[in-house]
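Look for chain A in each of the two complexes below; its partner is chain B in the first and chain C in the second.
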Partner chain A sequence: MARFAVRRLAGMVLVLFAISVIVFLIFNVIPNSDPAQRIAGKNATPQLVANVTEEWGFDEPLPGQYLTTMKLIFTGQLVSYSSQLNVDEQIWEGVPATLSLCIGAAVLWMSFGILFGYLSAVKAGRLTDRALTVLALVGISMPVFWLAAILLYYLTFKVQLFPSGGYVPLTENPLDWAYHLVLPWITLAVLFVGFYSRVLRSNMLDAMNEDYVRTARAKGLGERRVRVRHVLRNSLIPIVTLFGLDFGAVVGGGAILVESIFNLGGVGQYAAESIANLDLPPIMAVTLFGAFFVVLFNTLVDIAYAYLDPRIRLGTSAQ
Partner chain B sequence: MNGTGEKLLEVRDLQVGFATEGGLVQAVDGVSFELAAGEVLAIVGESGSGKSVTAQTVIGLTRSVNSRIEGSVRLRGEELIDAPEAELQKVRGDEVAMVFQDPMTSFNPVYRVGDQIVEAIRAHRRMSDAEARGLAVEMLRSVEIPDPERRVDSYPHEFSGGMRQRAMIAMALALEPSVLIADEPTTALDVTIQAQILALLGRLNRERELATILITHDLGVVAEIADRVLVMHGGRIVERGTLDEVFYSPKDPYTRSLLGAMIRLDQPPPLDPPRTHGPLLEVTDLVKHFPIKRGVLIDREVDRVRAVDGVSFTVERGETLGLVGESGSGKSTLSRTVLQLLEPTSGSIRFEGREIAGLSRREMRPLRREMQMVFQDPYASLNPRKRVGQIVGDPLRLQGEASGAELRGRVQELLGKVGLSPEHYDRYPHEFSGGQRQRIGIARALALRPKLIVADEPVSALDVSIQAQIVELLDDLQEEFGLTYVFVAHDIGVVRHVSDRIAVMYKGEIVEEGPADQVCERPSHPYTEALLAAVPIPDPREARARRQTVGA
Partner chain C sequence: MKSRSPWRIAYRRLRSNRVALAALGLFVAIVVFVLAAPLWANEVAHTGPNATHTVEKITVDGERRDVVSPDGTPIGPVWLGADGRFFLGADGRLGRDEMVRLMYGGRTSLFIGLAAALITTLLAVGLGLLAGYFRGWTDAVISRLLDVIWAFPVILLGIALGTALAVGGLQIGPLSISSGSIWIPILIIGFVYTPYMARPIRGEVLALREKEFVEAAVAQGAGPLRVMFGELLPNLWSTIIVFFTLNIANNMLLEAALSFLGAGVQPPNSSWGTMISGGYELIYSAPLLTIIPGVMILLTVLSLNVFGDGLRDALDPKSKVELEAHAGTFEPEEEPV
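Then we have the complex of A and B:
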């Protein structure tokens, strides 16, 4: 098990290295125009462009350029030339809001996804299942920006129940923190609830036909215990994969729409603003940041898998 | 092991139907029987005869929205058929326990074996975790699992098939049920393991006065341990009686055909004259190893699985070589390596005198038409989204042999040769029975008029009566097309029936090879002897005689 974890973590380092090279190539090499010009921003003076060329080492050969770029990003010296702000600091400032949004939404979407999926599977074909199916499809089909707009219009503008946006740090006022995040949480979670409940439903319906479920019934276990310990437990394994991928993506700044609409000031919103300004240094850094979380959570999923399914724990591969 | 009289279970006029899109399917139609303490009752029938449904209905496992169940099932006089679910749960696992066919899939893979036994115990008894665990260890010991204190913490995938079935029996018997329902308990196991499990069931039945319902399609298994027999066909009981009555004076024509269809090890087939026209396939020192890799960051080869470890044999033109062995003996790997579906580690394979080991895929391509394969599982080896005509015609099309109307004509001719009809051309595989599907697989293999056909367990997934038909078909086709067969199987009875010569595989090597009769009558290797001794003989008197000489 420990060996398995070490292998996966080592693999993760390799993947991150590959991603950093790809990011470097996409931003600095492939566009085939002066990278300094693009990095310096829209209204750069010739002097600034010259400084950027110097600082980023664009007169060196490619491996040197790559090292300089990574040094800038990882030592916290990356600066947006449009706003003169330090990029790494900006990202770190956005992290609490992004994490608050993602963790809260994840708790919601996992709880309701599993609850609805379980109910749907247990009541398969009956009214509850049909109603939940329709709900799930509605949830999956609703665009985030539309749902956010509708919630804002009815719940903050018409019935002033919730604040219209903004983020209050947890350390400042926990109640206010949660109060400000209720609508973003719901908005972000709805899509995932629909999707996860559908996946879980079909996994569970497959698992119900497994021989070991029949064995569990033949042992005289109660129906609920059979469903939870034998059907649900085994059906959750693929859900964990999905969760790892999705959670990594939203933590890495993937919740751009929700963060921007509710003005949370998180990493995603920072990414959106930088893209709007064609401000390359932050875009580059956020891309790496996002990739890091996607890879990290993928790795954690692999390790969790070995815990959830003992057959994976072997650590040997016979081909 | 005869029943001691006390009537435990009484089933009266049981009817089980399932509502499907095509209407109500009556799976069990008016079944009645009784079971006394200490008795072994065998329910025999082919797939779809309703035997499993009958047994599962006894403890309400077939209850669902779509099932229609009528009749009466009384356990010690208490009616179970309309008992509330909570009552049934008390009976299941405690009074009536069940053992299922496939020990590979009948344990939940994510929990330890011991925990699953503990779960069964604690569902019925007020017992601490530690006490239940102690009982689980005792039960594993009583079914002869070595080192039970340690193995109780193993996961199911760490057990072999035979051990899993022992553990399953341990779980079923932990609460000392009075009735055990064993649904094809040995079908998924090798013969030598089957013999051990049957001996174990026999011992438990004697020691614990356990009433057992044994569901099986294998009359050999029945002859080994049953007291009374029910024969089911199409949801009805067509024959009932003591073991000897059913075997020696069967009244129903279906029972007679079932007994007649058995391919028996102890009844040699009429000998064909040997057909030797020089060697077609010569295999010398063939080796196929699979590396086992392990490492923290970089995989190193730490060991290798010696699946095929220096095997030599020759197959003459027009003859059938039977390749027998148990699971893991390397027989499937050998047959795949011979056809170059797996790359050999070393050794030589000569086909019509030409070396084919190490040929590239492209060089093999023209040779593929000469050598074809028939697979074990007629359900899994046909693409469910292709029509029969496509499946059978694809080899012809791919090799550029025929197209259009000619292709259709040739495929329809082939379908006729294997006993299907030309109208089957446009059907899909799921519309056929297992035996018919295997015929489709044979037609596909025949399409290019190959010289050599390697058949890997071609009949082991089929019902007994169908097995005989497919074996006969293979025999006729050999005659007609001058085919050479390598017939791979675990069932030495079937192999003896079709083979001119038999090679016995054990742990990657051929331990014995010779004419079929010689290998079966006068085996020279101890493993062959063990294999032959483990085969259940579908004849109660002989089975009894054999048990006495072995001293069981």
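Then we have the complex of A and C:
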């Protein structure tokens, strides 16, 4: 087990290294212009451009440049070139809002995803199932930011039920914190509720034909107990996998649209604002930050699986 | 007894799925709607998608009205009150015809969805076939590469590429794409979703490769190309078709998100995504400008998702192809022992 975990963690470091190289290439090789010129801004003097070239090491060969950039990021010295603020500090400042949004939304989407999926499977083919299927399909077919905008318009402007955005720290006022986050939570959760309930429904329907379910019934267990303890429990495994990965993606910047529209001031919104200013260092840092979370949760899920299922840690998947 | 090809059976199954057919009908109607854009623009609205009417007045049911009122609020839907001009009102301070823009914007959105799906499919099938057929280090290299792309949150990778390419366009050898071209979002979206399709296809190729018909073909002296395209590819078609349909839907959602953030379609081109982003600035005075393009995206994506589901059921009722709209699908792969 420990060996498997170490191997996966080493793999994670490798993937992160590859990602950092790709992010570096995206921002330093693809753009068709002198990076120093871009960093220095539109009205830069030649002296400033020369200074920037020196500071970022753009006159060095590419591997050297890569090291310089990474050093700036990891020593917390990367500076945005539109606001001159420290990028790492800005990211850390956004983390509480992003985590508040993501954790709350995750609780919602897991509860309702499982509830709807379970109901759908149990009532397969009947009206409840059809209604839930339609809802789920609509949920996964909506642009998230559009849903956010519509909710904002109808529930904060037309009917003033909720505050129109902004983030109140949990430590300041827990009630206000939740009140400000209700709409963002719902918005972010809708897509996942739709998706998870569909996955769970099809898993449960498959599981109902399995031998162990027949055995459970033959033992004389009640239908409810069979459904919850046998069918549901076994069908939840893929959902947990999905959850680990989706949660990583959402914390790592996937909530960028919801954060921006509800003005939560999280990491995603920071990225969105940097895009508007074509401010490459923050986008680069946030992309790395996001990839880190995806890879981290990916690895955690793998390790959890190996812990639960010995076939994986000993088996062929690690060839 | 008359024998039936698998395609025929699938077709019959699809034909009896009324929900899927309705979804297909809706999708076709939307395609016809956007294709009719020049017709509506020239014959009914008499204006183009980018023509501005800021200081003009129109006659609505005999009454003269500003296209854009002095406080900057655009005229709302007038339906047929002005003989088809400004059917859905104007789009903002510039006073462009919302209906005409909706039709032309839909062309961009659908085109990006389709073209990006084609790119994803070509890349994914190519990589999946190579990795699954040759296995060994070819597979190792391709799979690790896909893993790395897969590790980015889709939207962040799209934004990163979109921002980087918006600076100076793209230049690879003789291929040159200017920074405002809609081919930039197409390439980005096509690229970003490749691992989501390539990984399951590779898995399927790995499984198919062990089958007797491949052995038979090799025994007859068929080379790698012949086996890949003559033997393996025909067995992948049903998976490819389903993925392709669902992929268009996801591409359209990603395009809208990227455009909303300014990393997708660039002006003067417009898409449903850029229309929502433009309309959102006026959401409190003219909410329809946000609502309408979003409803169009919702209907299109919904029709594709429902039809895609129907296709999957028809082509292979047992398969469990799932393509997710966001980062994080994970299919525990079955490696050959």
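The rule is short, and it goes like this: the second predicted complex is superposed on the first by the 298 of 319 C-alpha atoms of A that agree within 3 Å, B and C clash if a C-alpha of one lies under 4 Å from a C-alpha of the other, contacts with A are read in each partner's own complex, and residues count from 1 in each chain.
As a convention for this text, a contact is a pair of C-beta atoms (placed from the backbone, for glycine too) under 8 Å apart; a residue touches a chain by one contact, two chains touch by 3 or more.
Worth saying up front: this structure is predicted, and the values here are computed from it rather than measured.
**Q** Considering only the touch criterion stated at the top, classify A:10 as touching first (chain B), second (chain C), both, or neither.
**A** first
**Q** Give one of first, second, both or neither to describe whether A:127 is in contact with chain B, with chain C, with both, or with none.
**A** So A:127 meets neither chain B nor chain C here.
**Q** Once chain A of both complexes is superposed, is A:218 in touch with chain B (first), chain C (second), both, or neither?
**A** First partner only.
**Q** By the touch definition at the top of the document, which applies to A:248: first (chain B), second (chain C), both, or neither?
**A** second
**Q** Which partner, chain B or chain C, is in contact with more residues of chain A?
**A** The partner making contact with more of chain A's residues is C.
**Q** What is the contact status of A:280 with respect to chain B (first) and chain C (second): first, second, both, or neither?
**A** second
**Q** Quick check for you: in the superposed arrangement, does A:230 touch first (chain B), second (chain C), both or neither?
**A** first
**Q** Now for A:175: first (chain B), second (chain C), both, or neither, which partner does it touch?
**A** neither
**Q** Figure out whether A:308 sits in contact with chain B (first) or chain C (second), or with both, or with neither.
**A** first
**Q** Can you list the residues of chain A that touch chain B in one structure and chain C in the other?
**A** Chain A residues touching both partners: 316-317, 319.
**Q** Which residues of chain A touch chain C in the complex?
**A** 15, 18-19, 22-23, 26-27, 30-33, 38, 137-138, 140-146, 149-150, 152-153, 157, 191, 195, 199, 202, 241-242, 245-246, 248-249, 252-254, 256-257, 260, 271-272, 275-276, 278, 280, 283-284, 286-287, 290-291, 294-295, 298, 301, 305, 316-317, 319
**Q** Quick one: which bits of chain C touch chain A in the complex? Just the residue numbers, please.
**A** My answer: residues 144, 147-148, 151-157, 159-171, 179, 249, 253, 256-257, 260-263, 273, 276, 280, 283-284, 287, 290-291, 294, 297-298, 301-302, 305-306, 320, 322, 324-330, 332-333, 335-337.
**Q** Quick check on the complex: what are the chain B residues that touch chain A?
**A** Touch residues, chain B against chain A: 59, 61, 65, 85, 89-94, 97-98, 100, 102, 105-110, 119-120, 123-124, 155, 157, 168, 171, 290-294, 296-297, 299, 305.
**Q** Which part of chain A faces chain B closely enough to touch in the complex?
**A** 3, 6-7, 10, 125, 210-212, 214-223, 225, 229-230, 233-234, 308-311, 315-319
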